[in-house]
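Step one of this worksheet: look at the structure below.
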């Protein structure tokens, strides 16, 4: 599914966070949004999923305008937002968290199959089904957050900083999973601080600066773009 | 003519009583942000401490002049209420927001429950009771209507004036800034070196003491008090006065007290009926509706935390320059 | 009264506190609002049950009148009425304040509570209404012992109360413990068909107490199942933990909140029907004190915790009954309950079962 943002403006209590952001994610793509803290990356995702209502501009999923919808409505359209900081239901078990991911689905048998699939994909989760999500380690929690998002059978997946606070080995694993999710036909919009890893899996990227798109292009272009190298890839 | 005087002076004195209550609650709630739902409890403690002191001293020494006893009564009322304020202030050191509100509500219910069973002040019936009487003199004699009311008008003005001045001065001192900082962010103000414990207790003690003053004034004015007069509904009423006027706005409190006291009085006098019953019968429902609408539409109150003379419209009206105007 | 019978009474009262406390705790858990109007939902439930039973009685809809089904229906009607009211109140008064400060929400709840209370004073009579209960609930005590009928005669003295049962099964009083049976009472009983006589031991369990205990136990089990194992129950837990993320999972947060209000008020309403049966009277201001006490119960258990609300209710009910033991402490029952509230809030703000959360700086 194609996701299109046109001239989005949004803010919190009078302070503008986004000033005319236009982004397009074509079906089957992985698109990365890069940028410093406070550039508006997370806000962009929140606008798409309906957590933040934009003050201007429009969001389209295919040809349907979705910027007036509430979070649960966008979720039911197949647009799944995996928020920053994992945001698991810490007081619920691993299994229950997975079930919550599939909340909007009616097919019980399918949900059951997907739970098996997820515990296969992330084998650490299998042995911890009955454990409270809050007791998992950081890496396991991230896996669970990703698995929970996948339980919704997303058509478009919005990932906010999936690698935040994880050890390098786990980061590799997360990105390998993201690549695999895309192979199954899911369109992915990825927000990342880790520009290096993000550009490795992404097809294209946008660089946000203080609420607007500063640079955009193919992943290769961005990797070699002087401004990106200086700001996000640590010189060299 | 006399009836008119009686009515006007009655309203005036009771408005003064509510003003002292609302102003002191505004110190606790509006300035320090300590949400108290039990202000009527302090009021009750003041009323009972003050009148018990006056009446029992009078019984012990009938020769002591009434004015002197009144001074003693004020001291007893403010002291008693302040002490209770200290006790109620202690939980506030650990509680915040709605938890504190509930704790203070619980406190006021405890006060009423105890007063209802306290034989020395008449229990559930009104005080004074039996052979106990007030001292002689216009201050306590309801039959000398004019002198009684005039005395209380003067006392009321004095009480409101003192209360306003004290709170205003605190507000504009360094203590005031410390107290205001509690409202904004307690943790941050503690980190800035504000003695949170001291200021929270100070606010409660001072607020309670003034409520106690309102109590003794109310007791000598009405000359009959009963625990039921200080129930939870009264706390809500005082709180609504503060919230309607704006948390932290003294002039807002003045307006709100007058409006909220006079409107039901006028309704009571009017002979308008709604669905067959006098409009005054609907007042509490209206009251509740006002509270809900206010919270939904304008939770900061009429004036917010500003004073009347700080509002742009008023300044324009009086030809004063706005902030950052000509003087700047 | 003896300690044991006081405790039994306290346990029944505690069950009612628990039912009301559940609604408080569920609503607080989900939107962090102390819903002052909860006691009024309870009051409306009592009137709904009252009206329902009056209609059934006058129209003769339910014959025979003596069925457990009827009491159950009264509880359901009471619960449904309270639930619908709660959903309306949430929609009109609380939802616009979802993002406002907690204090503004608390004051609104206070306003709603006053409004409903005074509306009820207008609509219903200000007076106490006798809650005519179905005969099923006719007070019966257990255990009872049959007395040899030949021993019962005027002038006979028993060390326990003596009674007989009329043709409906209602207990009719004959003589108090330690007093001689009077001539008139005996004749009256004989004329009204008293053949078999019974006496109580010193401590008895009342049938209405048993009804309350079993109802509350069943409701608690049902609620546990609802919250733990159903889709909507899991959604409730998810929303109460993190409503933003719950929305991202496709959960209609507003609907879940409405549902929580509904269930909470349903429990209070059902409790009100039980209370009407237990005490036999209702009035428009009946919601104030039980509402506040139930809040104390919720705080004791740890507000937000469902098992906490149940145990807190039982604990408060029994503790209050203990206060009744001495005539000196008895009048201070309310002060005692609120003193517990303050002590718990200060020293154990999460109650005995609450989630331990520190304020995030």
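By letter and in written order, the chains are A, B and C; residue numbering begins at 1 in each of them.
As a working rule, a residue touches a chain if its C-beta (ideal position, glycine included) is under 8 Å from a C-beta of that chain, and two chains touch if they have at least 3 such contacts.
Small disclaimer: the values here were computed from a predicted structure and weren't measured.
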| item | value |
| --- | --- |
| Topology of the chain contact graph, where touching chains are joined (line, ring, star, complete, other) | line |
| Top chain pair, ranked by number of contacting C-beta pairs | B-C |
| Farthest-lying chain, centroid of Cα atoms versus that of subunit A | B |
| Inter-chain centre distance, subunit B versus subunit C - centres from mean C-alpha coordinates, in Å | 36 |
| Geometric centre distance via CA averages, subunit B-subunit A, whole Å | 55 |
| Chain centre separation in whole Å, for subunit C relative to subunit A (CA means) | 48 |
| Contacts with two or more other chains, residues of subunit B listed in rising order | none |
| Subunit C - residues contacting subunit A, complex | 231, 234-235, 237-238, 241-242, 244-253, 355 |
| In the complex, subunit B residues that touch subunit C | 35, 90-91, 94-99, 101-103, 105-107, 109-110, 113-114, 116-117, 187, 233, 236, 239, 243, 277, 281-282, 284-285, 287-292, 295-296, 299 |
| Of all residues in subunit C, those that touch subunit B in their complex | 34, 93, 96-97, 100-108, 110-115, 118-119, 122, 292, 295-296, 299, 331-332, 334-335, 338-339, 341-342, 345-346, 349, 359, 361 |
| Residue ranges of subunit A in contact with subunit C within the complex | 49-51, 70-72, 75-76, 80-83, 87, 89-92, 96, 99-101, 103-104, 148, 152 |
